[in-house]
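In order of appearance the chains are A, B, C and D, and numbering begins at 1 in each one.
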Amino acid sequence: MRQLIFEVNNIRPIADKVFELILLGDTSDIIRPGQFVNIRVDGKYLRRPISVCDWDEDSLTLIFKVFGEGTEIMSRLQKGDKIDILSGLGNGFTVTDSKKALLVGGGVGVPPLYALAKKLIEQGVKPVVILGFASSKDVFYKNEFESLGLKTYVATVDGSEGTKGFVTDSIKENNLQCDYFYACGPMPMLKALCLELECPGQLSLEERMGCGFGACMGCSIITAKGSKRVCHDGPVFYKEDLLWT
Amino acid sequence: MRQLIFEVNNIRPIADKVFELILLGDTSDIIRPGQFVNIRVDGKYLRRPISVCDWDEDSLTLIFKVFGEGTEIMSRLQKGDKIDILSGLGNGFTVTDSKKALLVGGGVGVPPLYALAKKLIEQGVKPVVILGFASSKDVFYKNEFESLGLKTYVATVDGSEGTKGFVTDSIKENNLQCDYFYACGPMPMLKALCLELECPGQLSLEERMGCGFGACMGCSIITAKGSKRVCHDGPVFYKEDLLWT
Amino acid sequence: MDVNMKVNLSGVVLDNPIIPASGTFGFGEEFKDLYDLNILGSISFKGTTREPRFGNPTPRIAECPSGLLNSVGLQNPGIDAVINEEIPKLCKYFHKPLIANISGFSIDDYAYACEKIDKVEQVGIIEVNVSCPNVKHGGMSFGTNPESAAEVTKAVKAVTTKPVYIKLSPNVTDIASIAKACEEAGADGFTLINTLLGMRIDIKTRKPVLANAMGGLSGPAVFPVALRMVYQVYKAVSVPIIGMGGISSAADVIEMMMAGASAVQIGSANLVDPFICKTIIEELPKKMRELGIKSLSELKPTF
Amino acid sequence: MDVNMKVNLSGVVLDNPIIPASGTFGFGEEFKDLYDLNILGSISFKGTTREPRFGNPTPRIAECPSGLLNSVGLQNPGIDAVINEEIPKLCKYFHKPLIANISGFSIDDYAYACEKIDKVEQVGIIEVNVSCPNVKHGGMSFGTNPESAAEVTKAVKAVTTKPVYIKLSPNVTDIASIAKACEEAGADGFTLINTLLGMRIDIKTRKPVLANAMGGLSGPAVFPVALRMVYQVYKAVSVPIIGMGGISSAADVIEMMMAGASAVQIGSANLVDPFICKTIIEELPKKMRELGIKSLSELKPTF
C-alpha cells in the first residue's frame, strides 16, 4: 500500500449516475484484479473505497456510482484535479486455470471483473460474462466485455434489457455451465450464486470501512477460517470459506 | 447584507505574508469605507471577516495577512476561483468635514483607510496618513496612499523604516496636528490614540466573530451607550463612546 | 406526491418543523430583511433572564473542526425589556407562536421569568434552559442531575399555563434519567441538545481562546451525539422532543426526526449561512418526495 | 534552537509523546511496512480481553462530520494469544516499551488480564479501558461512576507492578471526580478521552447505520471536548495524563499538551492518513521552534 497523488485524466458518465474516471499516476502497487483504492474526498472524513476496473503502467480506470455525498463530490471531479488515494489495497482475485469460468457482476460490482477478464484471457481462459443491473439505464461495460471477445449476457430486474430478473435467472435461462466462477456485487447476489452454483469460486465482498488497510477491524466478517478483515484479508474470498446465514 | 459569489481576478503578495486580493462581483451592498465582508473558507466552519480596502461597481479589493489556517487557505486562492462572501457588513466610517484629519492604520488595520482616504479626498479633505508596522518587510500601501497625493508617514517597531516605534511616536516626531482622526489597527494602538490625541475621532475595532451580522452576540463590547455588537453596530465607533479599562 | 410538513408540539401546530435555535437568531431583527420570517415553523428567541446581562468577556467565539465554541453567557436585555420591546418588535414581522427561551440562576429566577412570559400572548411554548454551560452559578448545573432539573420543572409548571419544554444538557452521564424526572415533574416536552462543554487554546499565546476558558461546542461536529441523545430521550419519555445539534440540511432534519424528534432547531448553521432555514424549508418537500415520506409528523424511530 | 521531545510517563521515558491509539493501529502489523515503528514514542495496542472476541456485527463504521462512529466492540484474539503471538510479532519491529490496553466485563476480568500482561517484559504501561461504549455489559459502565472506576483501579493495582493508567470515558457529567477517585485508588495516570457515544441513521432505510445502533464518535469533531476534559482532569489530579481525541497535527499535539497532557495518542487520524504519526513526529520540532518551545515536557496549562 502507498499513499499517492493521482491526476484526473478524464471523467465521463457511462450510465445513470455511473461515472468512469481515468486517473494518471504511479500504479505499481496494483498487482491483481479485484484490488481497490481508497480515495480522499474533500469535506468527508473517511476515504471512499473503489475497485480497480483496469490499469496499465501509468493509468488507472475506476467506475463508480453516485450513491451518497462522497460519490456525489467525486462525480464533480474535473480533468487536471489531483486526488489523494491509498493504492494497492486488498488481496484481489487469484486467477485459476479452470477453463469454463463464469464472471458474474452486479451493479457497481461489475468494474473489477473487467481487469480480471483481461487477465483470464492472458492465461488462455475465455470466461462467459453475466452482468446484472436494475434497469437498462443502469447497464454499462457490456460492449467493453464483448470487445474482449467474450460472450456477455445481461440481466435486468425490470426486464428492460436482457433476461428479466437476476444474474442467476440469466444463468438458468441461458443454461450456462461452469467449473469455476468469479463474482462481485451485492450480498444477496453473492449468496444466491454460492447456493445455486455447484462449482467453486471467488467472491469479492463489500463492507463499510474505517481504514481500508487492516488497522481498525471495522470490516470484519466471520469465515470458516475465523474472523477476517474484508479490506485486508479480502475483499476476495473463496466460496468455501464464506458462511451464509 | 447579501450572500454573494465573487470571482478571484487577481491575488498577489504585497508584503511579508500579506496579500492583495481583487474580486469581481456585485459590490452594491458596500456603501461606506470601513465596512467588511465575511468570507467562507473551504474546510473551516466560521467565515473570516476582512475589511473592504477599496471597491468600484464590480470589483472589490481586500488585503489580508496570513495569520492562521483560514487566511493560509485564502492565500492559495487562484484567479478564477469562486468564493462565497457575505457582503456589506458593518457600519463603516462616517466622513466628517474636519479639515485637519489624520488617518492612522496599524498592520492589517491599514486597508480600510485606503477607501476612506479616497472618500475624504472626494469631500475635499486631504488627510495626513500614518501607517504603523512591525518592520520594513511588513510595510504595504505607502505608495498607494502617496499616489492619492497624501503625505504619508511610516512607523516601524524595529525602526527599519520611518520612525522607530509606534504610530503615536510618529505623530510626536513629526509634530502632526489634527482636529479629527480615523483609525484602524490593534487594540493597544487604538487605546493609545484615544488617550494621546485630544481631538475627536472614529475607530474601527476587531473582535472574534461568530456570524458577522449581529445574530450571535459573539462580538459584544460595552460602550458608553450600552452593549454594542462590533459586527453590526460597529466595527467603527466614535472615540467618545469607547470605554478603555 | 403531496407532502405534509405540519407538526404538532403539545397542541401548538407548526407549518413546518424548522425553528431557529435560541442564541443564533437574536430576536429575528437581523433576519427579517433576508427573508419573510413567517416561512419558519416558529422562532426560539435569545435566552432571557430575570435581569439584563452583558454576558462574558470577549473573545466569546472559537473556531473548531465542523463547529464552534461560544461563551456568550446569556447576553440579553432582561425579561421586562424582552416583553416590552423585543417581542412587540419581532411580532411586527412574525405572526406565529414563539418559543420563549428562559434561563435562571435560582429556582426563583426561573419561576419569576416564566410566570411573566406566560402572560405574553405571542408565546406558544416556554423553553426552560437548564443547560447553559456558560454561566457560573445555575445554568447547566440545574440540568446535570435529575432532582434539580425536576425541581425547576415543577416550579415553572406551577406558575405557567403554556406548554413547558425543558432544554437539556448533553454534558451528562444519563440524559434519559434526567428527562424522565422532568417528565414526572410535569414537563410537556424537551429540547435537546444544548452545547457540549469544550475548550481551545491559542498555542501562540498559551492561553485559552475564550476569555472564559471553556465554552459550548455546537455545529455539525455534535450531530451524532445529539442524534443519539434524542433517541435515548425518545425511548424514555412520551412527550414531544425538539431535536437540535449540528443540523444543516433537509437530510439532517429528516435524520433527526427519524431519531425521535417532533420538530428541530437550527442553531450554528444560521451563523455561517444566514439563509439556511429558508433553504431547508424549500428543500424539505423535495427530500420527502425522494424518500417517499408523505407526512413529517409520521416520522419516528422504527428500530 | 535545540528541541527536546522526550516525555516521562511514571518513569517510562518516551523519545517523543506520539503514541498510536488503541484500536486504530492493530498490533502494528499494517504500519510496519509504511515506516520504522521505532520512531514512535510508544504504541497502545488493540483493546485486549480475557477471552477472544469477534466484536459486534457489521456495519461497524459510520461517517460523521469531521469524524467517525465505530462499534467494533473490542475485537481481539484474547489475552493469551496477544501475549503469545501478537506481542512477540510486534516486538520484532518495535523495540520500545508498549502500552497494553486491557478491557473487561467484570472486576475479575480486568484483574485476570492485567495480572497476565504485567508479566510481559515489553509492556511499559498498562492502560485499563473502563470506557468502551461498544460493549453491553461492563465496558463504559465501569467508567461512568467514581466508585466502580476506583474499584477496577484497586483490583488491577493489587495484581500488577507496572504503572496503571485508567482510560476514562467522556460520556459523564463530571470526569474530574471519576479521575480523583481512581487516583485515590492508586491510578498512576490517565488516558482520555475514549469515544463519545453517538448515532447515525440511514434515511433511505430508516435504520441506524451501525448494526449496533450506537457507536463511539472520534476524530477532529471531539477535539475541543477532549481538550476541555484533559484540562479538567489535569486540575483535579497530580499524575500524568495521556491526552487524545481528534489529534491530527503537530499543532494539535502542542495544544493538547498545553491543556495538561504529558503525552498524546493519535487514533482516527491513522485510519485516514496512515502516515500521520510519522508526519507529526517530523513536524513537531519545526512547530516547537516556531513557537519557542525548547522542551515538550515543560508544557502545561499556564492559566
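The rule is simple: contacts are C-beta pairs under 8 Å (C-beta built on N, C-alpha and C of every residue); 3 or more make two chains touch, one makes a residue touch a chain.
A quick note: this is a predicted structure, and the numbers were derived from the prediction, not measured.
J.: Provide the labels of all chains in contact with subunit A and in contact with subunit B.
T.: Under the touch definition, subunit A and subunit B have no mutual neighbours whatsoever.
J.: In how few steps can one go from subunit B to subunit C if every step must land on a touching chain?
T.: So the least number of steps between the two chains is 1.
J.: Name the chain whose C-alpha centroid is most distant from the C-alpha centroid of subunit B.
T.: Between subunit B and every other chain, the largest centroid distance is to A.
J.: Could you put a whole-Å number on the gap between the CA centroids of subunit B and subunit D?
T.: Roughly 46 Å, centre to centre.
J.: For subunit A versus subunit D, what separation do you get between their C-alpha means, in angstrom?
T.: Result: the chain centres lie 36 Å from each other.
J.: Hey, how far is the Cα centre of subunit C from the one of subunit D, in Å?
T.: The separation of the two C-alpha centroids amounts to 34 Å.
J.: Could you list which residues of subunit A touch at least two other chains?
T.: Touching at least two other chains: none.
J.: At least two other chains touched by the same residue of subunit C: list those residues.
T.: Counting only residues that touch two or more other chains, subunit C contributes 62, 64-67, 219-220.
J.: Would you mind writing out the residues of subunit D in touch with subunit C in their complex?
T.: So the residues of subunit D in touch with subunit C come to 62, 64-67, 69, 144-145, 171-174, 196-201, 203-204, 206-208, 213-214, 217, 219-225, 227-228, 231, 246, 251, 254-255, 258-259, 291, 302-303.
J.: If you look only at subunit D, which of its residues touch subunit A in the complex?
T.: For subunit D paired with subunit A, touching residues are 23-26, 29-31, 33-34, 46, 54-55, 58-68, 70, 72, 75, 209, 219-220, 268, 270-275.
J.: Quick one: in the complex, what on subunit B touches subunit C?
T.: 1, 3, 40, 44-47, 70, 86, 207-211, 213-222, 227, 232
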